[in-house]
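Shared chain: chain A. Partners: chain B in the first complex, chain C in the second.
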Partner chain A sequence: MKNWIWLFLLLCAALGVSLFTGVRSISLDQALQAFIAPDNTDPVHVALLYVRFPRVIAGLVCGAALGAAGMAMQALTRNPLADPGILGVNAGAAFAVTIGALLAGRADGALLAFLAFPGAAAASVAVFALGGGLRGNASPVRLTLTGAALSALLVSVVTALVLMRGETLEVVRFWVVGSLAEARTRPLLVMSIGAVAGGAVLLAVATKLEALALGETLSRGLGTRPRQVQAAVLVAVTLLTGAAVAIAGPIAFLGLMVPPIARRIAGASLRPGILASAMLGAAVLLLADVAGRLLFAPAEIQAGIMTALIGGPVFVLLARRLSPGAIA
Partner chain B sequence: MTIVYRKRALPALGLCRGVTRRALLGGTTAAFLSQSFNRLHAAADSLGYVHAFGTSVLDRPAERVVSLGYTTQDPLLALGIAPLAIRQWFGNFPHGVWPWAQAQLGEAKPELLVGEVSMERVAALKPDLIVAIGSGISKAEYRVLSRIAPVLMHEAGDAVYGTAWDKMTRMVGRATGKSNEAEALVSRVQNQFATARARHPDWARKTAVAGYHWGGETGAFTGADTRAAFLAELGFKPTAPVLELSGPAEFYARLSPEDLSPLDADVLVWVSSFEQAPDLVSLPMRKTLSAHREGREVFAGGLMAAAMSFGSVLSLPFLLDHLEADIAAAADGDTQTIVMSAEKAGLLS
Partner chain C sequence: MNRQFLLIFLLLAAASLSLALGQVSVGPAALWNGLTGGDGAGALTVQILRGPRVATALLVGAAFGLSGSIFQSLLRNPLASPDVMGFSAGSGLAILGALTINLAIPMPLIASAGGLLTAILVLALARPARGHNPLEGAPAVTIVLVGIGIGFTAAAISSFLMTRLTGPQAAEAQRWLAGSLAARDWSHVLQLALIGAVLVIVLLPQIRNLRLLELGSELATGLGANVKRARLGLAATAVLLAAAAVAIAGPIAFVALMAPPLGARIARTADVGGRLLAAALTGAIIVMLADLVARASLPGLQLPIGVMTGILGAPYLLWLLSREIERGEL
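What follows is the complex of A and B.
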């Protein structure tokens, strides 16, 4: 319980810090003014309402979605190094955005954000199908390998297109590294609903997913239908990650580094683990964004780079502590 | 997800010069070194160049020229030399020649070099000069190219993409035996700027900034950048914060989305690769700028933005013809005069 209180306080602190730190200093009084009587010609009000507030919401939704999705992926693949990225979701989103920019050639951020979602979904369905999911034997190893292979393929196509058509595709640069800076122009509401739906599905099937971790034969004996559970988890992960990608682009390593810490807070049980992972994911992403905002101010470092900077070492640490056959 | 962008990104125009993954070519260095020593001794005659990567010497004025710089086709064409090959920067124009230079191209059909420089294709053209000022090639690529023909690079004191248009024109003119023509071209363009300044003496007392908003990032072009240089040629000064953000090797400064006040100049020119900029139009922070509220914004989209980015001996006069009226309307101190380009792009709403 004590752990949960700390986690809650950390999330609140991250929200507060995110809303009240930045290039501009904004007092509590000004913030209240901005919400009560917004003045669109006052830079302070505009910074709070149109820059920071959407960022906080985006960080909250996106971080929570990736934290929960990461937890689910690690449980599904029984691999503590699994991350939503391994389903090819990030690469799929980048691919869809690239093709969209190539065909439409427009500087319309919102349109491209919407394209990210079907891209992410198509990639995860493709990974599930190619990984044997349709024949009912999507083994964790197969899913992981298929995801890695498809990601590599999609990323090389994106790279090739960017190299050939640099000018129309610079927009893609912003889909290669995730950022919360453009939250205002992204379909925040729709994607939040998608993420909440994904989270609900995940919580509903969490206990069955735990049974799956005992191995297929044993879980069948417990009355679980592995293929349906796997499919439900994939739908949930796709909803969560797709929403996160549409809001912020690919945020690296968050879904990887948060779950192990969440497991320490919430214990081995999956359902509380998902909740803890979601809260922690939001807190970490918000703090990473704040750090990126302040480090080289006034220029900003994308939150996706900050999470990668923190997540890289965590990945190595996890990989080193990994004992074969154990789920961290 | 790793895509490495080893290139100089030029935001707003979407333009990244030097989209190359550099292969490191080693092994033959020694041979080249001795070669360049020999050339150094021969540098006494008038066609020797000391540049960032060493020395290049031409035996005689060049006739068969490959243009590897992203903008070097312009001074070459201006001097009446159709390059054998032109490096693709951006845009969808035949042979990589933009409208301001198409008349000079005439019937010539240069090859278009896209992406990384293919040494084989360059060699197959049998050039007697390779102009690589502002090409972003590596030293290793330079060494290989030097075996094909003398290679013209930027001077050591300039940034890779920072050779001023007049210097570039003179360098190319000298290498092709057309120094006098180059000088005449340079002074003609300088005169055009001088007359523009004379028509608008008030511009010298005003500030102007070229800004961009692209993919969620807002910033200003600074220092030696062609877009900033164009406004300077017209007599404008940058705003104090933009001046502070300028460095000799910096072409643009990214700004915090929370504070765009550095852009708040007497004239704010938005540079965009598109004719319409919905992301910019709906940017709430823009509406806090007095430049917006008082109708001092100019929109340089598409072709105009490209002309600003090229900033060449051919694109600058073209730009001046098309943009002067708009800049004057923005700078006139009257909030009621309509800046046509800004209205067309929807910036006035």
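What follows is the complex of A and C.
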């Protein structure tokens, strides 16, 4: 219980720091006033309501979605290296955005964000299926390598398209870096609903997913239908990661590094684990975003880069820890 | 039976095709004329435009093929190759870093330095913890996984740097990242040929070590090899070969992965030396043909060769994975 209180306080602190950090310093008074009696002529209110608030919400939704999705993915594949980013989501989103930019031109940012959703979803499902996930034997090595292979293929095609039409590069090179800065131009509301739906599905099937970890025969004996549970989890993960990518672009490694810590907070049980992972994911992403804003101010390091810088070493650490027998 | 001559025949055929075909095709007579030092438009096309490009392709492909073959024998794993293990991503990051801060060092040096540093980093990070049998070295899968992790991180930082560049700089970086053989002249060929020759001379006495290491480190030690030193020497040679190729042509994806198994299959050779030669020949053929398709398939547009090898190589990697999954080897 004590752990949960700390986690909650951490999340609140992250939300607060994110809301009050920026070029313009804002007092608590002004902030309250902006929410109670918004005044569209006051630049402080405008900055708070239309720039910082969407950014905080984007960080909250996106971080929570990726944290929960990472937890579910790792439970489903029984694989500590499973992460939406490694499963080709980033490359899938970049691919879809490139196609969109080729067809629609660079103007329509909201359309491109919507396109990232199916791209990310299709890539993650493809990697899961090709990596042997449908047969229930997706080992860490298989999934990671399949993700790397599919990413390489999609990146090749994206490069070809980008070089054919120079102006596409101008869209794509900004899209493939995950960031919360563009949150107000992205379809925040729709994607938040999608993420919440995905999270609800995940919480509903969590106990059945746990039964699946006992092995297929035993879980059938306990009254679970493995295929249906797997399909439900996959739909939920797709909704969650797709929404996150549409809001913030690809955020690397967040879904990889948050679940191990969340398991320490919430114990071995999956449903509280998913909740803890979502809260922690949101807190980490918001803090990473704040750190990126402060580190080289006024220049800004995107949140996706910050998470990659933290998450890359975590990935290497986890890969080293797998014993050769476990990865083979 | 050894069928290296089949590979050599294929190599000559690929070279002739590459010299003759393109946006302007050259007939057999003019091709011969150009090769024997004659005059005329067709001959000049062969000598000045395509000759250096095809020669570069040949050397780059051979270097990648050799490098991949050494890694795959050394780690006894068909997935090992400089690009899968993240070295190419390291080269790319170095290129982008240099472009961002306007570093006045030639791109080839930067690219190979980036690749080398990444290789050292990956191999050092994958080193097994204490208590592990020191003879065995790191398990191949750990090296590959660590390499993928480092590669993803390097790629993320690269895409960050991409957002920092101006439009034209970004376009240049994109061309370098994909790997390209456009506008290479005889000086490039000469550089790579010299470096390649030195590395091959360094490699030749080590082939015996590689043969011993393939038997497993305990047997190799019993037969008198210094396993640690042998492994280090071979890995360094392989990394340098890949770095030299990257320096001239950029990180062309998947050649080092595909060439060794294809070469061994075509040449039907099981000996280490034969496999190395077959991998070099096959790498050269792959790069020449991929470059031919990249520059001649779409009129008015020169695709970088790395795009072609990526489109061909990634499905190969996926196929390799699915086969290993079915056999239960992975």
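The rule is short, and it goes like this: the second predicted complex is superposed on the first by the 282 of 328 C-alpha atoms of A that agree within 3 Å, B and C clash if a C-alpha of one lies under 4 Å from a C-alpha of the other, contacts with A are read in each partner's own complex, and residues count from 1 in each chain.
Throughout what follows, a residue touches a chain if its C-beta (ideal position, glycine included) is under 8 Å from a C-beta of that chain, and two chains touch if they have at least 3 such contacts.
A quick note: this is a predicted structure, and the numbers were derived from the prediction, not measured.
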On the A-aligned overlay, A:20 touches which partner chain: chain B = first, chain C = second, or both, or neither?
neither
I'd like to know which partner A:4 touches here: chain B for first, chain C for second, both or neither.
neither
Report for A:142: first if it touches chain B alone, second if chain C alone, otherwise both or neither.
second
Between chain B and chain C, whom does A:153 touch in the aligned arrangement: first, second, both, or neither?
second
Partner chain in contact with A:312 - chain B first, chain C second, else both or neither
second
Return first, second, both or neither, reflecting whether A:86 touches chain B, chain C, both chains, or no partner chain.
second
Touch test for A:301: chain B only (first), chain C only (second), both, or neither?
second
Residue overlap on chain A between the chain B interface and the chain C interface 85, 155, 159, 162-164, 166, 169-170, 173-174, 176, 252
Which residues, counting only chain B, touch chain A once they are in their complex?
1-3, 5, 7, 9, 11, 13-16, 19, 89-91, 114-115, 214-217, 253-261, 272-274, 276-279, 282, 284-285, 287-288, 293
Write out the stretch or stretches of chain C touching chain A in their complex.
79, 83-84, 125-126, 129, 139, 141-142, 144-146, 148-153, 156-157, 159-160, 162-163, 167, 170-171, 174-175, 177-178, 253-254, 301, 303-304, 306-307, 310-311, 313-315, 317-318, 321-322, 325, 330
Would you tell me which residues of chain A are touching chain B in their complex?
22-24, 40-43, 46-47, 49-52, 85, 90-91, 94, 106-109, 151, 155, 158-159, 162-164, 166-171, 173-174, 176, 179, 181-182, 184-185, 250, 252, 293, 297-300
Could you pull out which chain A residues touch chain C in their complex?
81, 85-86, 130-132, 137, 139-142, 144-146, 148-150, 152-153, 155-157, 159-160, 162-164, 166, 169-170, 173-174, 176-177, 252-253, 301-302, 304-305, 308-309, 311-313, 315-316, 319-320, 322, 324, 327-328
